[in-house]
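Each of the two complexes below includes chain A, the first together with chain B, the second together with chain C.
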Partner chain A sequence: MSKRILVADDEPHVLRVLAHSLEREGYEVKTVANGADAYELVVQAAPDVLITDISMPKMTGQTLCERIQEQMPDRQFLIFILTSRTEIEHREWSAALSNVKFLEKPVSTRKLLNQLEDYFDLQDASVA
Partner chain B sequence: MTLLNGDKYIELIYRLLPECMGICLIAPAGEWCDARVTGLQISDMLQRVDARFARDARDRRNGVEALDGAHTLHYGCVQDQTDTLIVTVGIATAAQADAANVDALMTFVGGFIRDEYRLNRDMLNITDELATRYEELNLVYDTEDELSSFSEQDDVLQKLVENCVDYLDVNLAALLVPGKGIHKSHYSKALAPQRIPLLLKELSASVFDALRTSRQGIVANNSDDANRLNVSVFPGKLLCTPIFVVNEVDGMLAVVTGVSHKDFTNSDRNILEVLARKASKVIQTNYDARTGLVKRVGLEYHLENALQSARHTDCAFTVLQADVDRLQLVNDLDHQAGDVLIQRVARLIEKQVRASDTVASLGGGCFGVLLRDCSLTEGERVGEKIRAAVEGLAFEWNNHPLDVSASVGIAQLTSQTESIDEVMTGIEMATKEAKEKGRNRVHLFDDPELVQRRDQITWVSRIQDALREDRFELYAQPIAPIDDAREIRHWEILLRMQDNQGQIVPPGLFLPSAERYQLMPGIDRWVLRRTLELLTDHGMNELEFHAIWAINLSGYSVSDGDFLRHVKEEIRRTGTKASSLCFEVTETSAVANLAEAQRFIGALQELGCAFSLDDFGTGFSSLKYLRELTVDYLKIDGSFVSNVHQDPVNSAMVKAIHQVGRVVGTKTVAEFVENDEILEHLRGIGIDYAQGYGIGRPGPLLDVLQVLGKRHSKRYA
Partner chain C sequence: MPKTTKSSNQEKLGITVVLASLAVIGFILVVLVSTQLETRVAELRSRGVNLVRLLAETPYAQITSEAPRRGPLHLIYESANDGQLAYAAVTDRNGQPQTEIAAPGVIIPGIQPGATPSEWLGERTLSIDAAREIMEFYAPLLVNGDLAGHVRLGYFKPIMGLDRAQVSFLATVSLPIFLLVPLFYFLLRREVRPLREANSEIQSLIDSRALNTVDIRASGELGDFLARFNSFVEFMRTRVDTLEGEQTRLMTSSKLLTYQRMRVETVLQAFPEAILVMDDTGSINYANMRLANLLGRQVDDIVATKPAEWCEDEKLREYLSQLRAKSAPGYAGHCLELSLPNAVNKTIHVHSYPLFSPRESAEILGTLVVFRDATEEVLAKRARGEFVAHVAHELKTPLNVLAMYAEALQGEDADSEDFRIEAVNVIGDEVARLSGLINNLLSITKIEMGHLKVEKQRVKLRELLQDAFENVSRSGRDAHLNFKLELPDDISPVSIDKELLRISINNLLTNAIKYNNPNGTVTLKAEETDAAILVSVKDDGIGISSEDQKNIFSKFYRSDDDKVRSRTGHGLGLALAQDIVHLHHGELHVVSEPGEGAEFTIELKKDSGLLQKAI
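So, the complex of A and B:
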């Protein structure tokens, strides 16, 4: 079964490109444009990986992550947080989160795909 | 994104054609089928439709055939504008159904399918393109082309090749600039590591040769391209572009990927050219575009490393500077001539040194060379070789032979060297000396006068730092009336400097440099401002006795029209009593600017300030100037005073000065009064004031002010 990835970003073109590149690699992708919608989807069915931007309308990536951490302390899935170079201060609040990775914007899709691949390889290996 | 969703078309056909009993749609990406009646052989339907529209079948017309006894199969297909099959359709009806009606329906629905398919396919292509462009854009954003230091170049160029691999999704990226020793590469995990050395070798050999000939980007997507271009990185695809540093193909940026990767396009070539330009910009920050030699920052970087290694290993280094003589004459002839000459001299110098040495272009026909593991004697020999080589350069411009020569300055870099500035100043001064001695010669930085001047120059920056960081300190030395040495109301303000470790530097070390390199105006202003602030802060303007504070001024301040305004402004700002200030100027500086000194002294005396002529007696012929300079005190130079009780000549001098002072109505002060015998002797002559260790040593002004302030407040209490 293909891995399910949820992408939250308020920039439509980023969303489109990311979704496209992920789908091309065979992932099942869902996209949302804000943190609130992302939270709703996560609660309905947890994805295998959540990729989220930080600054988004309705609910920011920070609130999204903190709420997920609070409501789902045993969460299994990985969260990728997209940061820009000027957002290093975000590393402070995110220090309280577990199972989180950072990707610096501009995000190289190739880098993202490589990291996902490594992550899933490692997971499958540990399951096996 | 799926290009076609068959389910909704099955639904549509059922609604438009109620007599339809079963449908199948076959597309390259999948099949959709449905049967409404039991017994309908869907698999048979699929097989028949497939057979009708086998890939190579020429006849793609719609048709009808019997499926079984009860049913008829209507078949047809939808093609795009290039006649590629999008989907094939099979519809089963009862045997007696109207074939024309079904055919029309198939054409009708086929139109929708074609439109949707086309839109989705275009969208997919556009998104594909967008994703690629987005990666390219990010690659450009994410790749630096600015350097903040010489040594950063390595990291920036390494990041550049890593970015190429990440963003362009290639297997290997390499940046090679052989002449500058730059070899950067990065590869993805898709590349077998054992292939890398061979690939890099081919890039730097055949591919680089091809680039040097073509002088523009090369794309090779298959072996035909490769054979034509005479490059050999195959199996694989190659894209490479030249890096120009000095208008030559000095290097290359290349990416290589596997045969399964999509072909490199012109757009890929453009993006690689942008990155090559970035690389070139980075390199040009450190290297001179005219000669290709490392710039001053690079030499300084290597000197810094050399200094570290000299301190740790006692390794010997020699540094030299070669400056083309009378370059201006050649430049005046034709600017291009100057450029060509500089390039030729650069190559010539490179030939005289070893590959392990560093040759730098310092601009304006001036070169710096760091000779590693090289004694001064050996360095001198290399300097002479360079000088002789430049002299022997047969340089012609428009068939005019021109005489060329260079002046060479040499200095050593040892574990004793304090800073690289010291070395740089050393070679500059030695070269200047070589020029002044008649050019076309080698000069060693070793004669004591040059060393002293260099030391003064190094003092300049220390003084400037101290001024900026407020590391000066004021001292005060008492001046006592000779008939009552305890009644002190007169102090001379003296200056001390703290070095950057907080040690006190005596004025004899830094004042000569400050005088020579015009730093005195700034120092005078600092002393004036600070003294007046401290006096005011400690209530010295409210003392019940008349204290006098003597401040030294340099000749520069006396002749600086603005300084007078500055003094008035400071007195006003701090509310200092002008009558408590006395300014000391040396006899020599006052006489040197007599008219200005007269005006300056007059203006300050009008305010109420007093004046001293310092070091009096050393200017010899200047007694007659006393008539023109109406000063309040004459400070007899210490050289007459320190042995006045033993030397009758000095005693006579002091007497003579004192008598002249009496006549013109000026009080006399003796400096260097070191003991009571001297004091007694001076008292016998009738001198008015005494200053020196015998009276009191200089101490921090703050201490003096605190003592005075306490005594003062006690008297009021």
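So, the complex of A and C:
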């Protein structure tokens, strides 16, 4: 069963190229353009990985992550924060959350794919 | 002291002396009379005893015979013509009278003869009435050794009183007393006169509050006293002169200090910052009006108090108390940032500076505390930080897209022609976006830094608008939009910066294309009125909500609307357009409803210098 990845970013080109690359690697990908839609999808069915930007309309990536942490304290899925906002305060609040990785834009798609692969390998090994 | 009181005292002294002399005389009289009485009693007793003994020697028959001649009792009675003898009597052994003679009105009392011989001779005192007493002397009359009777002599007992014979003596004694007492009095007065004069002069000095010496000649102890008194007055006069000189100097210094203090306070009041001065004990010596207003208190509530008495802000209270604890120099530069309840929207920076003694540089007299309104500075700093963060974000966003597509094209995705075409288009769009962002950013920065020089020139606005319209409509042809240009045949030439205004109009036209609906219309229109020239760009696209209309001219603002977010943008186009219009003293307005399109209008007022010069 393929891993489900939810990508939230308000840049359509980023969504397009990320979805293309992830799907080619065999992942089941859903994309949304704002934080509110992302939260709704996470509540409906938790993905295996959430990749999210910070600056998004309707609900920022920070609010999305903090709300997920609050409502789903036992969540198992990994959150990748993929953003060009590199101010120290963003690194601080993301570091305070568990099971979160911070990636700075411009990001290498290959690097992201490798980190996802490593993560899922580790997950599978621990289950086995 | 009033003179009446002085004379009254002198009269009292005189009366006292007279009374004293009278008392002395009275005492002498009492002593004399008393002595005289005792003497007379003693004389009477001696006479009575002797006489009664003498009579007791007389034969009983003889003493009791009455005829033919008068007996011894009558002889004695008659010879005693001094009135002292009250009676003379002879009684028998049974007490019965045998012969007797008595002064008129005197009743001879009876006698009970004693049983033993020792009781036959004696003396007794008898009362004959309320005023008089009788001293009776009695002796036995013996016949052949036996008691035959008693002879009795009764004398009036002398009473207290002045003997006339003594009057001359008393007069002799009293006269010198009467004469000597006033003499002593006047001598005394003469002796105490210098003292009285000195007292009077000292009193005058006290009354007149003058420090003069006393000019009275006196000898002895009084002379010594007056000399010392005059020395003391001289010393006090010198001392007072010194003190008066010191007082004058102090008053001059005080006035000078007051003047200098007022000057300093005037400077401190005019100081643009709020000021507080604390002494080395932590008490507040001075606070200017700005501080009082900042804290929402009266100056009097703050001065001469400790911060703990009025300071409600815990951070400030702790900061000020720590200043008090500092005893060594070098704590200047400590800065406290706070917001006060009375100025919640302000950021206050509190700095402290030690006040060193002008004489001893290591000695700290107190602390100067300056409350500086750093709101603008903090906001500017924050705005700078946010601006840089926005710029970095807006630059990284297209760079990220470029990097991702470039990486994809290096991989297997390059084999797909569709992907290659898509990548080329996206890369082109993102490069254009980057270029537009950088250009807008540079223009805005120049305008805001004041480095942009407005190159005014006489411009035919119609030609400028036609040129801009053609360029934009050409590039937007692929968007399947309709373009309309509505210009009057004649528009007054204007004096504007042609290139800057072209940027502004281009940004409005670019937005009208970007946020339009498929097959929508973009209209560029110009209109000239008496007051202004109006240039408007209208689309019938997604429209702008009233909430967004409040913010669309702010730098980097982008709506949360998905329809807006689905279009690429960096939030600088409208901000730059407005800045350029403002440089021409114009206004940029927007009229829009969500889903109904938007119309942006540049209003160039004819009464502005820039425009009128060209007309």
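Miscellaneous remarks
Note that in this section the second predicted complex is superposed on the first by the 125 of 128 C-alpha atoms of A that agree within 3 Å, B and C clash if a C-alpha of one lies under 4 Å from a C-alpha of the other, contacts with A are read in each partner's own complex, and residues count from 1 in each chain.
Following the convention adopted for this analysis, contacts are C-beta pairs under 8 Å (C-beta built on N, C-alpha and C of every residue); 3 or more make two chains touch, one makes a residue touch a chain.
Just so it is clear, the structure is predicted and the values come from calculations on it, not from any experiment.
The partner that reaches more residues of chain A, of the two candidates chain B and chain C, is C.
Once chain A of one complex is fitted onto chain A of the other, the partner contacts of A:Ala33 are limited to chain C, with no touch recorded for chain B. Of the two partner chains, chain B is the only one touched by A:Glu23; chain C is not. When the two complexes are overlaid on their common chain A, residue A:Lys58 makes contact with chain C while staying clear of chain B. In the superposed pair of complexes, A:Asp10 makes contact with chain C only, with no contact to chain B. When the two structures are aligned on the shared chain, A:Ser84 is found in touch with chain C, with no touch to chain B. Common to the chain B-facing and chain C-facing surfaces of chain A are residues 13, 16-17, 20-21, 106-110. Against chain B, in their complex, chain A makes its touches with residues 13, 16-17, 20-21, 23, 106-111, 114. Those residues of chain B that touch chain A in the complex are listed here as 1, 127-128, 130-131, 134-135, 137-139, 141-142, 163, 165-167, 169, 189.
Only residues 389, 392-393, 396-397, 399-405, 407-408, 411-413, 419, 422, 426, 429-430, 558-562, 564-566, 568 of chain C touch chain A when the two sit together in their complex.
Chain A meets chain C in the complex at residues 10-14, 16-18, 20-21, 24, 33-34, 55, 57-58, 84-87, 105-110.
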